[in-house]
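One structure, as structure tokens, below. Some questions next.
Chain lettering (A, B and C) follows the sequence in which the chains are written, and residue indices restart at 1 in each chain.
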């Protein structure tokens, strides 16, 4: 990725900054479409209980593995039913909540932990910096999914544990970014000035330096958001993520694997849901990066 | 198109194997990698399929397709009147296999038998722990350290076993996989070279197939033993293609990449049966899946409550949704194929209304309980989570709130043994030797309630007396009567909800002939042939 | 130059120590008990359990166990698997060629397709080729590969019967003294059809594993190219009338490759994560599947040894990339 070169901008012009951001963002047609799709997914997750034709845990014992578009006495099954007769559409709609929540939670957790560690390491330097960054190196030395897998095995399988595990393996990226940004900002005039004026360390770190390295963090955040959804689904697929009957998409896929040849719909739709959601987020991420990164804007 | 034909050639290559050089090859798509090739330290059927079944023999063997004991490496035996001494007369002229680095110089004899048991019993035997972590769990699980007093060589062709107490199932125990006979000459040679651990990598036995090679997690190769004492196997080469995913196994079978496979997904049975090139053999499994209440804890200490809960669970729905029809509702704790099964027992019918009333009569309302669902798939239970979900929804209909809990498998087994356990636990059992004592004695005795093997912690004097008596008597029909009575007591007291006996399916190519399914669940390929 | 190399290598030592702590520490806090797993439904008596735990050394203080672990690791001993009772190091290197072969082929696919696509997309910025290929790259980048693998199996093996379902080579080929690099073994054996068979088994897993690196490399190449094409020296070269093909070939491509190489290096770690899923789906007998199995079987020494070896391998690859980077880009060295 390109280095962050955005220089400090006085706080007063933030509104203008936002307007500029929107100007560039809406230039990117894909990103705007993705934003619409994402909003739809978000809305359907929020209003799942009103949109969904069935309850996600309602078992229709006489309609096991009904194919899509089946009409029964219980109503229409748009995307068919699973092995215990639950409506797949309903489970996907409710499942959207889990996936979005997972992505959001992981980003918040990884971001806050990573930013604090990065700020501390970059600002204080010395042995604190060395220790923190060495620990980050160790975490990064392991493939993320493998480390998350072992973490979850330690904590016990489950959605919350899977999220914590993934947040832990993601946060070094935020720590590294923040530290790099702090190092480049630290010796600039405005920080020096504030320091001379007697501002405290914590205040300086959070109020002055942090806002100026937001752009790369936002880009990394979107990236983590989509990766987290993928990784939690992968953990669910390996049986280490959310546990059934939770309608989490990856878990649904892993439950459906035995029907791969007999009932294609139980395998296809959860995967498609994951793909569409992740794709939308990544497209938005591209738009965000284009809008936030002045270097690419120029070319 | 070029690519397509190239790939096709690759896929078709296997089909040609069978015809190559006139050698007959049987490819078995097995479900997992064996843990090793010494059967005694392990307990999984996968390991037995790859070690004891093809490579080794036992003193006595289960007659194919039954749980009857017939002569194996022992051609005959005498049992003393007090039931304490078993004298085995060994079969002469039986040869061990040759492998790279070892050629036997003598035939099988009494030393081999004594060694095979000594190494599991005697802490001072160099093979008692010949690799880090080796231990003989089956020998212990069958209680042999307690039952077996000594194994002695009388002469080269005679071995005497002495017991501490009469034990009717003992002879069947000797037909089990852990009792496989090793070559003492081979193990001595390994020991002299300091390579004891090789016993678990390269097995040398007397069985129908000789071990050739193992490619970890991929392929095991065997060739027919020309000197096998029952005659050479009809096939020349036996290959295990290790394929953990059942859907993939099925596809390989359909593509002709293998000729026979175990454990199809129940959901695929219909498709397999419809395939014109395949046939599917089936047999009731020697197993039971159950839900064990904690009978030490209120309100589950009340048999009426247990019965009411049993009546509120729709077992047929579990058979349909979890077993996909590949099983039958269980009414007794032993499977119907076993002798001593009481077929006159009437199962508690599924009746939520009556159950609701019984609960109310027992003064139980707003009951909240845990259902333990195991995290793994077992032969007797394809998907415990799904079973628990079904139960949860059934129990809700009679006003019982059920929470599903689960632990890592090892933890699950251990925690469910705690008498203070909160909740009913889903578990099951697969028969080891076809004896009812192997179910009732292990799973429901008062001794088991102490150790926790009896997950219901149910200790009923009448029941316990019946099964203890049955263990001491040697006449089978008399034993059967006692077990039938015991099942009546069991049903009245309802410490479990007996859920299901699974059906075992074995899909294979129509060209495969002579395959006999074992009621014990093992897979044996001696006697199998491939027609052209 | 040499100082730069030595510095880089010394820098790894604290990370290495950290890795041993993580590998060891994790495994010690894993819940569950391998001894109990072995006994299954049959269970163990408490005395027998204590006996077995002692035999495996689980009853000693944790720091003692750690020091012993490090001591043994330094002597090339990673302990024995609790399941197979064979040395972990031996198990690992028996299976490693399978993963390496798959990884190399996937990386080969990713580079051979990804780089040209990226270059072309950059040169023809905004064209339909650019839009379609970058759209596809984004889809690939967003792909849940475990699902993608299942779809490919359904289509190519299940419906079309073009490829074999799983395994590494047809069972009729057997190389007793093989290296377990199946393609190499197939060529070395000289048997007719062996190579075709090995390749037909490899193609689907390699495609699945290559999906994400391919997408990343294509995108990265494109943006690196775009950046370079905007630089002064390229413009100068163009202005001087150098033919466009030469401009791209000589100046742009070489400079654009620097960040791309870093990306490729970073993908190696990702590849290992992808191998876990790919190998699980295709029953590929490699390290990824072995790790998943070992974790679920609570095979402590295998999990611990596997974590350690994988981390060291990823680290070494990153080191090599770093050094290469230093060779290509002299600016870094002198900083």
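Following the convention adopted for this analysis, contacts are C-beta pairs under 8 Å (C-beta built on N, C-alpha and C of every residue); 3 or more make two chains touch, one makes a residue touch a chain.
Keep in mind the model is a prediction, meaning the values are calculated, not measured.
J.: Quick check: more C-beta contact pairs in A-C or B-C?
T.: Greater number of contacting C-beta pairs: B-C.
J.: Select the chain whose centre, defined as the mean of its C-alpha atoms, is least distant from the mean of all protein C-alpha atoms.
T.: Given all protein C-alpha atoms shown, the central chain works out to be C.
J.: From the C-alpha centre of subunit A to that of subunit B, how far is it in Å?
T.: About 45 Å, centre to centre.
J.: Provide the C-alpha centroid distance between subunit A and subunit C, rounded to the nearest whole angstrom.
T.: Distance between chain centres, rounded to whole Å: 23 Å.
J.: In whole angstrom, what separates the CA-based centres of subunit B and subunit C?
T.: Each chain's C-alpha centroid was found; their separation is 38 Å.
J.: Among the residues of subunit C, which are close enough to touch at least two other chains?
T.: 31, 153, 158
J.: Could you list the positions in subunit A whose residues touch two or more of the other chains?
T.: 153, 156, 239, 257, 260-261 - these are the residues of subunit A that touch more than one other chain.
J.: Listing for subunit B: what residues touch at least two other chains?
T.: In subunit B, residues 245, 251, 407-408 touch at least two other chains, as defined above.
J.: Quick one: in the complex, what on subunit B touches subunit A?
T.: Touching subunit A: residues 245-247, 250-251, 265, 267-268, 270-271, 314, 317, 320-321, 324, 375, 385-386, 389-390, 393, 404, 406-408 of subunit B.
J.: Spell out the part of subunit B that touches subunit C in their complex, as residue ranges.
T.: Contact set of subunit B toward subunit C: 4, 6-11, 13-14, 16-17, 20, 27, 35-36, 41-44, 129, 131-135, 137-138, 140-141, 197, 200-201, 213, 215-219, 221, 239, 241-245, 248, 251-252, 255, 257, 407-411, 413-414, 417, 427-430, 451-453.
J.: What does subunit A use to touch subunit B in their complex?
T.: Going by the criterion above, the answer is residues 57, 59, 61, 64-65, 83-85, 153, 156-157, 239, 243-245, 255, 257-263.
J.: Which stretch or stretches of subunit C touch subunit B in the complex?
T.: Residues 31-45, 48, 52, 55-56, 79-80, 82-86, 91, 94-95, 153, 157-158, 161-168, 170-174, 176, 180, 193, 196-197, 199-201, 203, 281-283, 285, 289-290, 298 of subunit C touch subunit B in their complex.
J.: Which residues, counting only subunit C, touch subunit A once they are in their complex?
T.: 14-15, 18-19, 21-22, 26-27, 29-31, 135, 138-139, 141-144, 146-148, 150-151, 153-154, 158, 223, 226-227, 230, 269-270, 272-274, 276-277, 280, 291-292, 295-296, 303, 307, 310-311, 314-315
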